[in-house]
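Right, one structure below, let's go through it.
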Amino acid sequence: MSLSALWLLPAAAALLAACCGRQARAVALGAAAATLGMSLMPAWAGLDSLSRLSYAGPAWFYGIRYSVAVDGLSLPLLWLTAFLTLIVILFSWRGRFSSGYWAAFLALEAALMGVFLMRDLFFFYLFWEAALIPMFFIIGLWGSANRRHAAVKFFLFTFAGSVLMLLGFLVIVTQHHLATGVWTWDMELLKSPRPGGALGLASFLALVVGFGVKVPLVPLHTWLPDAHTEAPVGGSVMLAGVMLKMGVYGFLRVAIPFFPELCWRLLPWLGGVAAVGVIYGALCAMAQQDLKRLVAYSSVAHLGFCLLGIFSRTQEGLAGGSLQLLNHGLTTGALFLLVGALYERGHKRGLSDFGGLAGRAPWLTFFFGVSIFASIGLPGLNGFVGEFMSLAGMMVRLPVLALAGVIGVTLAAAYALPAFSAVFLAEPGEGSVSAMISDLSALEALTLAALVLPMLAIGLHPGPLLALLRSGVGGLAL
Amino acid sequence: MAIPGGVPLLLLPALAVLLAPVLALLFGFFILRPAAPRRTHLPILLSCAVVAACAVLIVSRVYLFGEGFDIPVAHWMVAGAWSVSFGLRVDGLSSVMLAMVAVVGGLIHLWACEYMAHDEGFSRFFLAFHLFFLSMIGLVLSNSYVELYLFWELTGLSSYLLIGHWYHKASARRAAFQAFMTNRIGDLGFFLALLILLRVFGDTRFLTLFRSLKAGAVGDPEAVTLAGWLLFWAACGKSAQFPLYFWLPDAMEGPTPVSALMHAATMVTAGIFLLVRSWPLIGGIPGLPAAIAAVGAFTALFAGVLAGTRRDLKRILAYSTVSHLGIMAFAIGLSQPACAIFHLVTHGFFKAALFLCAGNIAHALGQPSADLDQVGGLRKTMPLTFLCFALAAFSLAGIWPFAGFYSKDAILDAALAAGGWRALCGLLIGAVSAFYIFRMLFLTFFGPSPRQKGPAHFHEPGALGTVPVLFLSLGALSVGWLHNGFSTMLSRSGVPALPELSSRVTLLGSAAALAGVLLAYVLALGLPKWDWEWRERRPRLERWLAQDLGVKPAVAACAAFVRRLAGILGQGWDKNIWDRWFIEGWPPAALGLGELGQELAGGGLNDYLWWMAVAVAALLYGALRL
Amino acid sequence: MTALAMALDAAFTLALLLVFSNVNRWLGPAPRHEGDGQLPYETGMPPIERAEGSMAVAYYRFAVLFVVFDVDLAFLLPWALSRPVFGAAAATAMSVFVGLLLLLLAYLWRKGVLECKR
Amino acid sequence: MSSFLPIEALAPQLALAAGVVAALLAGMLKERPRGLLRAVAVSALLAAALLAGASLPSAHPPLLRLDRIGLCWQELFCLGALPLAVLMEEDEIPVALLFGSVLGMGLLAAAGSFLTLFLGLELMSLPAYLLVSRGRREEEAREAGLKYFFAGSTAGALFLLGMTLYYAASRSLALAPASGPLAQAGLALMGAAALFKIGAVPLHFWLPDAYEAADPEVAGFLSTSMKAAGVLLLMRLAELAPSSALARVLPAFGVMTMLAGAFLALRQQRLQRLLAYSSISHAGFMILGVGAWAAQGATGAGAAAVYYYLIAYLFMSNGAFAFLKTSGLSTRAQLRGYAQREPRLAALLAALLLSLGGVPPTAGFLAKLLILWETVRCGLYGAALAGALAALVSLGYYLALIRDAYFEPAAGQPPPAALRRHSSGERLVLLACAIPSALLGFFPWLAGGLAGVLSGL
């Protein structure tokens, strides 16, 4: 089973779905299921044999070569992408969408799989950018009210960050060539002679900004609330569930391995921005009246935890940070699915537009409750494991940042529970649409159960997943 | 006194105690809730029985044979050398707590069946109630701080669900959120303490932690001190000590069994349990016990005074709970953790009994809670409730044969031994608590004062309503006599034993209690007008008391400040300034630049040629100069 | 040295330009702007319309055609002089050249460029 | 034939000349079959391209210099002209003009001396002025054509002046390096003429009017082949003196052109004018590429980035202008809701625009990447940053077009021109331009990868 098939299959299916009109939905489901199956294959073939699956094509032009590989870090993210795509397709199964909708999601999955597979900076950047196109069309065509503005803002904002990142890559490759006389874009080979001095710092900052836009680090995050609120259900699930992970994956795969000592020297700054992100995200979430914007800002806070863990460069910090990536994918994915379900039924997203849903839609309330408590880090569910290990890691390095993280954890409850009680427990005010909200259909409940069960499993028994992640990111520890 | 590491057969009941509630919950949620919601309480009662039996077995074996163990059960979070794991620890302290939780919890479960019989959220209530029961058992049996934190948070979650059980009431929702947030603020300290301990010791298991503490192998003494203070902060959050106590009186919005079990007997005592469990850590920190004593004493007096002024029955008991938690903290502060735990057990019994009686009274009226104006002279219509209430009241006041006397006077003895302000506080607390409980007793059960409606339609509850109360009040009567056995149990788990009671102390304690009773008698029955006309003529005083002497507005102000800060940041800065100007400002700027470019060259040909001339001149200049 | 030469050359051309465009103004009488002062001649009929006037566009076409065919002559002359030297090669080259022109003439004729429509 | 008449050396040009003759003859026929002229046009261009690609002639006539690169350039010019040949309306005059122009470009590529260079330059430009002024909108076309003529001839005069100065310094008309202030001044002036042809910013004012007034396909030809000829001229000049002032000032011109082109294009509401300004921005990238190439010693193989950019731009720009012709749209307002009406054409437009914007996996992305890479290689970090900014701003208006086509609801009636049926030729040209520009971004390596995948399966 060659790794390239992981992204080629969805890409081919996307083309197929785009052409055939009515069966596009079926093609999408088949392709998504097949991709998930294939992505699970390496796990059965034994985790230690992951390196055997890598493949590198001929080096043609200036050292650029098509090379794919998978390791402890990429594999779980591949699973997450395939899993969420399948969930999204199942969840919007009943919606009357054109063939373009299904093609866009498959193209998005192909691009995201590519990002996590590629070991060549050129192709990494190529898939990194290619992922923008389907998401641009998903937000723009099937979004809600001012989707157009949000789509263009999302594309331009991320493109600006990525172009800077590209310049960083170019400088790294050129300096590598100057030092060794060899043209290569391979991530492993580029690690040895690193550009030092001012140029090294400049290219590192370019990478940080490029990945920071995607993570999103706080000053660069304002595209996130707009893109999330305007994207359709599936769009915001994929956006929050996987695309935000590309930024942190970029840090883990490119920024830190390429500039380990710079990353260590700038720890107070990088950790500081992440910590600010945690508190800033939580405070902003408290002020939101729109459910989707609230969940969007909470994503800013959660990914701040990932970065706190990763920048601490301790074994538990790295493992916790990367685990938090997957946790956030599950919890925020579930939350967005539920908010999407509410929006589909009531065409409203405001906190005051609902009320008293607990009695009317018990299953919706149950899933929302579990996801909310998982996202605010209740021990026993997955959120706590990621956050605790990240903060334990950062406490070893910079206690003040761990303090900020813990304050973030406390604030999380301050925005999540009032929202939960306003939507589900409070009495429906005038102008509320809760009369139109019916409970989840069997299919929707099934998809959400598929998201909630892993939350509990990771919460209580994260052992195997942590071991897999550590085999991928363990090397970065100091 | 190291715990033998071998795996005795005691592990089986310990595991059963945890597994039974889990199975009952799963069975109840997945099978009974959809199929027969009215039957959900059956598996839960069964699991209570199993837990009670195992608890009694464990306590007896620990008491008789001194068995006990501290065994890791499963790995939880592993990252190379760093790891956190689940484990079970049964020793004197945890078995006593387990017994108290099991017995009191079981009785209240029984009582709740009748009390909640026709509540439409019946199955949801019992599932959340038993989830709390499970988390309390887990908390008591855990063998490391992180595991303890897990169950600690679960109790916070279940208290949120239970206080907010009648979620259609806005006050209940607000109280539930307030309770959860205050606990969360307390847990902030606990979380930080965990991180510090992990950083300093690398492991949070009590066994290894206290062994290295005793051996003095502490890498970073200031960090351990900070951890100690943070643990105290966490205990304040959970056990409603002074700064973070305001959530407990509001938590009375929940149904009475919740108030009885969680907010009287078990959950709120988790903080005290945490302090006693980490006594080797806290005892060693200079100045911390004194601070705990001071906070405990102040909370006891402050809440006691407020309890004496409240009108709502459950509110009085709530403030009394806060006061008694203060007493337990005071005992810990006096370096007598054994007294604190002993008082915790006795308090669990008589406070639960008082709450259930108040619940029966309110149930008779068909309201969630009864007010002093509606009751009065009930000893004739509800004699059995009166008997139980009286027994519990005597025990609370610390009158001689009752359980309260043994535990409170042990604390009084330590207070007198410590001398100075501690002795005075000890006496005052004894008097105050006697005053407010007898005031409630007289006003509720003796001659209705003119303002009270009297015993119009009160009636005794059914069998399920009275039997548990009876047991609890008997417990309140008899538990005190076990104090010797009790101190041997605690001494086995590294906690200093109970002091012997000197006759001087009993005399002084009883005198203070009697003074309180007399004052209550005079104010309640002698001058019936005191509670009504005298206070109504002083509206400002009334309002001041109603606002907990200014604490409630202060808390409201803090909450408002945080919300405003969030508003400024979230809406004001992020959306209107940073996003609109700094991020979305670029496109208009670029368009403006484009506009500028447009004006530079009109359509005319000569403009073009002029610009061409400029370009050629520039090139020529460049060529000749460079 | 050459930079100095270029500077001188530029200065000289500018000076020449200035002198030619302004010499009549310096030397001649101040122009009287009122009334008939602008008329080209003091005597005779006032001109009906401006001198330049516009010619029918057709004339331009003929002018261009004349130019195209006249320029051929410029090539034919050296060809004629050099014919003995190059012989056949020159012959074919020039015949192709003239042939093209004839083709062009035929095309124009067919397209009716040569009639003089009013 | 003796060496006097270099038949095999100028084979492509002769093919084109024959094309002209054939066009005129076809024009004279009374009842000629419908597709005749288009067939003549396409066949002549293909013949010229094949002949250019065929073999390297041995003879080296005095005024010419033929090398592999030169012949590739000629192929590029013919390829660039093909879409115009296919899309042009049935009239022999424009066909002849097209052949004349491509012939001029061929001469430029094969020039061995300044004489042929100038001859090629003028022969290329004159037909272009006429092609522009034959635009459908008579009024605007004539005015734009006139402006283009005046500006063009000024540039020609500048080139001549530069040539004389250079001749004064080098004493010979051959394309040989020379030094001294005279040579520098000469090079500068000739450089100005070349920059004019490409449309560098201070000299670009004729370009938007010419591109907007001309028919879309003519504008396509102008933006691809003409601009490529300008770049070729610039490279020939930079080759002469890689460290000359002209070479050193090129990156500055490049940056100025990129940024100004991008910012000016933001305001445009008319599609052709917007594409004109965007072509200026792309010209900026080409100039930057030539500048970077010159800064690294102008070695033969070093110009791969510029060549790739020209090829990619050829497909993109021709495709974009061909779309305008097929769809008959002229303003952004008319573009609204186009995707609902014509989903397939809109998809091709989206691919072309994303490629023009430089978004992976399109050819435009790889082109911009290579140029930025060359700039970074020769240390011009500021220019690279400016390039990134220009790409970002340019993406602004390309996305705006896609947004109009896909996300906006259709506003009002589509223009009459948009309602006619698209001819198969138009659709063929569009596909031939859109597919390569969409996939060339990573295809070179993907082939290797695909081979690996198939072997691995």
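For reference, chains read A, B, C and D in written order, and residue numbers begin at 1 within each chain.
As a convention for this text, a contact is a pair of C-beta atoms (placed from the backbone, for glycine too) under 8 Å apart; a residue touches a chain by one contact, two chains touch by 3 or more.
What you are looking at is a predicted structure, and each value in this text was computed from that prediction instead of being measured.
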(request) Looking only at C-beta pairs in contact, point me to the busier pair out of C-D and B-D. (result) B-D
(request) Name the most central chain, where centre means the mean of Cα atoms. (result) A
(request) Average the CA atoms of each chain to get its centre, and name the chain whose centre is farthest from that of subunit B. (result) C
(request) Could you give the separation in Å between the centres of subunit C and subunit D, each centre being the mean of its C-alpha atoms? (result) 34
(request) Take the average of all CA coordinates in subunit B, do the same for subunit D, and state the distance between these two points in whole angstrom. (result) 78
(message) Could you work out how far the Cα centre of subunit B sits from that of subunit C, in whole Å?
(response) 107
(message) Need the CA-centroid distance for the pair subunit A / subunit B, whole Å please.
(response) 37
(message) Can you list every residue of subunit C that touches 2 or more other chains, as numbers and ranges?
(response) 3
(message) Quick check on subunit A: which residues sit in contact with 2+ other chains?
(response) none
(message) Could you pull out the residues of subunit B that touch at least 2 other chains?
(response) 624
(request) If two chains touch, include that pair; go through all of them. (result) A-B, A-D, B-D, C-D
(message) Touching residues of subunit D toward subunit A in the complex: what are they?
(response) 354, 359-361, 365, 369, 372-373, 376-377, 381, 384-385, 388, 391-392, 395-396, 399-400, 402-403, 406-408, 441-442, 444-446, 448-453, 456-457
(request) Going by the contact rule at the top, pick out the subunit C residues touching subunit D in the complex. (result) 2-3, 6, 86, 89, 92-93, 100, 103-104, 106-107, 110-111
(request) Sort out for me which residues of subunit A touch subunit D in the complex. (result) 2, 4-5, 8, 55-58, 60-62, 64-66, 68, 122-123, 125-130, 132-133, 136-137, 140-141, 147-148, 151-152, 155-156, 159-160, 163-164, 166-167, 170-171, 173-174, 177, 202
(message) Can you tell me which positions in subunit D touch subunit C when the two form their complex?
(response) 1-2, 4-5, 21, 24-25, 27-28, 180-182, 185
(request) Please name which positions on subunit B make contact with subunit A in the complex. (result) 74-82, 84, 146, 149-150, 153-154, 157, 160, 164, 167-168, 170, 173, 176-177, 180-181, 184-185, 187-188, 191-192, 194-196, 198-199, 562-563, 565-567, 569-571, 574-575, 578-579, 583-584
